[in-house]
Amino acid sequence: MRFLLVEDNRELSASVAMRLALDGHAVDAAATLAEAADCLAAASYDLILLDIMLPDGDGRAFLARHRRAEDRTPVIVMTARSAVSDRVDALDTGADDYITKPFDFAELEARCRAVLRRRGGEAQSLRSYADLVFDPFAATLTVAGESRDLRSREMRLFELFIAAPGRILSKDHLCDRLFSFSEPVSDNAIEVYVGRLRKKLAGSRTRIETVRGLGYRLTDQAGQGGGA
Amino acid sequence: MRNIRAALAGLILALAGPVMPARGYEIEASAHFGPPDAARRLAVLSTTDIDFLRPVIEGWLARTPGIGLDYTLASSQEVYRAIAEEGAVFDVVISSAMDLQMKLANDGFARPLPAEMLRTRPDWSRWRNLLVAVAQEPVTMILSDHALDGGLPMPHTRRDLIALLRDHPDRFRGRVGTYDPEVSGAGYLFAAQEARLSDTFWRLAEVMGRLDARLFCCSGDMIAAVRQGDLLIAYNVLGSYAAADGRTAPGFVVVEPEDFTLTLLRTALVPRGAADPTTAEAFVAFLLSPGGQQLISAAAGLPAIDAGAFALKPYLRPIRLDPGLLAPLDRISRQGFLAEWRAAMDQP
Amino acid sequence: MTRRRPTSLRRRLVIQLLALSAVLSALIFLAVRISADRASEETLDAVLGAAAVSLAEAMRGGDRDGGSVTVDLSPVTFSMLAAMGEERIFYRVDLDGRTVTGYGDLPLPAELPDALAPRFYTVGFRDTELRVAAVRRSLMVAGRPAPLLVLLGQTRDGQEAIAEGLANRAALVGLVVFSAAAIFSLLAAGSLLRPIGTLAEAVGRRGPRDLRPLRDQAPAELSPFVTALNGFIARLRGTLSQTETFIAEAAHHIRTPLSVMRNEAELALRETSDEPARARLRRLIRAVDEGARSAGQLLDHATVLYRAGQQEMAEIALGPLVAALVERSRPIAAMRDITLLPSLPAEPLRIRGDAVLIEAALRNLLDNAVKYSPPDSAIDIVLATLAPAGGGAGAAMAEIRIADRGRGLDGAAPQAFTIRFRRGSNVGDVPGSGLGLTIVAEAAAAMGGRFDLSPREGGGTCATFALPLPG
C-alpha cells in the first residue's frame, strides 16, 4: 500500500515512515500542507495520514479542501491534542478515522484496515501462497477453494506468517506484534493462537511448524525441499 | 291672666312678693309641688298660669319620686328680665313670648338640650338645640253670641271682619277689643307678625281705630269683657283661654280666621345658669313625651304640639321660631311700628 | 459584633411610597378643607354683606327736630340669615359714634369700612364667635350728614358643621387615597423588584457548571449589574478555556516526543533479539502509553468541565452518534478479538445535548469496556428509550447500556468509580488514570442525565448512561 504521511515533526515522520516501510508499505512524507498538495497532485495514494497542526495551516482545512475536490482517498487524522472536540471536528470535516498520538502501530494497522474495508476493500491486495489465498480486508483464508473466516488475531498472526513464508518467527516477535504492550500476556498465549490458526489451515498443503527453541514458521509441504 | 291668678288664690300658693323683696323682677305667684323636704328641687319660671300646668307637673312628679318643684309665675317681660338681666337661677323657663325666648336663646342665655330630645321634633317647633315648643296655640277672634244679631254674616276671614265692621259701624263702635301692643308683649308680637304676613292688618287697624276699639292688656280680660257684654268682638285672643272659659259658660264663639291664623308656640328652655340641668332636661323631655303632651292637651287644655293640625287646618301658621323674631324687638323698630300703629288707630 | 440586618429595598421603597402618599393624602385633605372653608365662607359672607347693606339702606334720617334715626329692621332679613344653619344674629347701629340700637357691646371693626362696601371680620362675642359685616353710610340727621355704622353679625356654627362634614369627607378621601396608594405602593414595589427576583432566580436556577452569559431581559437600572456579572462569568470562562488550551498545548508538547519515543522503541524492539533489552523496551513502551493516556484523560476532563460550563446544547441524533462511535471502536476491540454488538433502534432518537460531551462519555465507557473485557468476548451496546420512572413523573430518558464480560465491580459501590483518580481495587495491571468514569459522570450531570454502574448478570459490568428526551 502507498501512504501519504503529512507530519511536520521530522523525527516522528521518519519513525512512522520507517515503521510502515518495515511492514512493506510505500510511504511519501510531507512536512507541510503545500508539500502534501504537491504529492497528491503527482501520485495517488491508498491512504493519507494527516497531522492536525502544521506550520502552514490547519490539517482540518486541508481535509475540507480535499473533500471538496471529491478526492476519495481515505484520510486518518493523527492528533496530538486529542481534545474531544478536535476528534469530533475531524470526523465532521470528513476524516475517515482519527488516531491519537502516540499510537500503537497495531492500532494504526487495524484502523487502516477498517477504513479501507469500509471503502470497499482492495482486490489487488489478495495474497496467495501454495494452495492458500489470503484476503486481509475481508479477513478470509481460502484453502483449496474453500473460504474460511479468520478472527482478528488469527488474521494478524497469519499476515505475519504469509509476509515471510518459511522464515522462523520467534515467540517474542509474534507476541509483540499480536498483543498490545499494555496487555498482560501469558507465555502460552501465542501457542493458543498458533493452535487456532493450524485448525483453520487444516486440509491445506501448508502448515505452521514449531521450531523448538526458536519459534514458528509457515511451510509448504508439497515443496518439501524448499524447507530447511 | 290676672283674673285666673285671682281665681287660684285659694290653692297651694303663696304670694312671693313679700317673701323675696330683694328680687329685681316682679313675680305674680309661686307654688311648691312634691315633698316639702325633697333634696332636689326643680325651679321653673313660667308665664303660664299654675292651674294649667298643675296636672302636668303632678304627672311628672308621680313618675320621678323624691323630687320637688318650685313654680314661679311672672309676666313675659319679667321672665326675660329675670334671666337676661337679673341673673336669677331657674332650671326651666317656659314662656309664650316667643320673641323674648328667642332673644334669650340668641343672646346666649340658653343651655343646649340633648340632641336625642330634639331629633323627633318638627323643625318649626324648635330653634337650634336651645329652644323647643311644648304647646301650640292658635290666635283667634271671639264673637259674642249677640254680635251677629239681626242675621249678620259670620266673618271667617279678616276681610269678612273688616267688611262687617265697616258695614255696621254703629253696632260695633266702642264694642270691639284687641290687645294694646304698647302694653302687651303678646299683643305686639301678634301685631308685628300679622303686619309681616298681610297688609290687611293695617286696614283692620284703621277700621278698628275708626270704631274706637278698646285696647286690653290680656286675653282673659277681653274674654271677660265679651262675657259681660261690653264687647261684641275680641280680636287676637289666645284660643286656649277662650276654650277654657267657654267650657263652663259659653256665650261666645271662637273663630279661627281662615285667611291665616297665627299659631303661638309656647316654648321651653334650660337657662345656662340652671342649678340642676339634668333634672331640668328630664322635665323638658317629659313635657315633649307623648305622655306629657297628652297631659298638656287633655288636662291643661293647651293644644299639644301636633304637626297634623297644620294639615287639617291649612290656615294655621306657626309663628316662625327664628331670629326673624328679633327684628321687631328692636327698640327703634318697635318705636317706629307703634308710631305707625297709633297713627292707624287714631282715625279722625 | 453587632450584626446589621441587610437593608431591604422593598421595605425602603414601600416606606418611601407610603410616606409620599401620606403627605399627598394630607395635602388633599388640607386642600379640600381649606377651599371648602373658603368657598362656604365667601358664600355666607356675600349673604351677610347683602343683609347688612339692605339693613343700612333701610335706615332713614330722623326729623329735623327729632334728631334721631328711623330703623326698620326686616324680620325677613333676620330669618333668612338665621335660616342658613340656624345661626344666632347680633346687630348694632351707631349714629355719629353713638349706639342707637342693637347690641352696644358688639365689637367694632379694626378699620372702618368704605362707603357701602361691607367689611367682614371675625370676632369673639359673649360666649361665641361671630362673623360680622360692617357697613357705613351717611344719614341726614337734623339737617346735617351724620355717619351711620351698621354691624350685622352671625354665628357660623352651621358653616362649621358643614366644614366639619366636608373635613370628614376630605379625610375620608385622603384615607381612600392613602389606602389606594398603600396598595399601589406594595404592588409597585413588588413589580419594581420583580426583575431582581427574576434575575436572582435565573442565576440560582443555573447548574454549577453553567457559564453562559445572562441573557434575561433586565431593566436598564440592573444592566450594570448584569454586565458585571456577565463580565465575571466571561473571566471565569476565559480561565477555564485557558486551562483547556494550556492542557491541550501541554499534551501536544508531551505527546509528540512520546510518539517519537514509542515508535523508536518499537523499531528497536524489532531490531534486537537481546531479551533483557526487549523487556526494557516493552516497559518503556508501556510507560509511554500510560503517560499518553493520562494526559488524554486530563485533557478530556478539562474539556468536559469547560463544555459543561458552556451548555451549548444542540439537537443530536443519538442513534447515528452511537453507531459511529461503535464503528470507530471496532478496530481496537477487534485487536483483542472482542466483538461489539450494538442494538440500536430504527429511529434516530433526537435529544438536546452537547455532542462533544456525549462522545467523551461514550468513548470512555467503550474504552473501559474493551480494556477490561477478556479476549474473544462480546460487548453489548443497547440504545433504548426508557419510560419515566413512577409512571409519568419526570421526563422519558434515552438510555445507552454498555455491558461487558470483564472483571466487574468486585463488590464496590458504583459511585466509588466516579471519584477522580479513584480506580477499582481489581484493575490489576491494566493501565488507567481513574479519570474516565469521572468524565462520564460529569458529562451526564451537565446534560441533566444519569450515569450508573451495575454488576452484570453472569459476570461483568453494565454501564448505563441516560439522557433526558425532550418533553
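For clarity, chains are labelled A, B and C in written order, and residue numbers in each chain start from 1.
Definition applied: contacts are C-beta pairs under 8 Å (C-beta built on N, C-alpha and C of every residue); 3 or more make two chains touch, one makes a residue touch a chain.
Worth saying up front: this structure is predicted, and the values here are computed from it rather than measured.
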| field | Far-end chain from chain B, centres as C-alpha averages | value | A
| Core chain by centroid distance, with centroids computed from Cα atoms only | C
| remark: Here the gap between chain B and chain C, centre to centre from mean Cα coordinates and rounded to Å, is 83
| message | Based only on mean CA positions, could you tell me how far chain A sits from chain B in angstrom? | response | 146
| said: So the centre of each chain is just the mean of its C-alpha atoms; given that, what is the distance between chain A and chain C in Å? | reply: 64
| request: Would you give the residues of chain C that are in contact with at least 2 other chains, written as numbers and ranges? | output: none
| query | In their shared complex, at which residues does chain B touch chain C? | reply | 105-108, 127-128, 192, 196, 272, 320, 322-328, 330-333, 336
| task | Would you mind writing out the residues of chain C in touch with chain A in their complex? | result | 244, 248, 251-252, 255-256, 258-264, 266-267, 269-270, 273, 275, 278, 282, 285-286, 288-290, 292, 295-296, 299-300, 303-304, 307, 324, 328, 330-332, 334-337, 355-356, 359-360, 363, 375-376, 428-431
| request: Enumerate the contact residues on chain C facing chain B in the complex. | output: 68-79, 81-83, 86-91, 93, 100-102, 126-128, 157
| task | Going by the contact rule at the top, pick out the chain A residues touching chain C in the complex. | result | 9, 11-12, 15-16, 18-19, 22, 53, 80-85, 87-88, 91, 97, 100-107, 110-111, 113-114, 151-153, 156, 170, 172-173, 176, 180-184
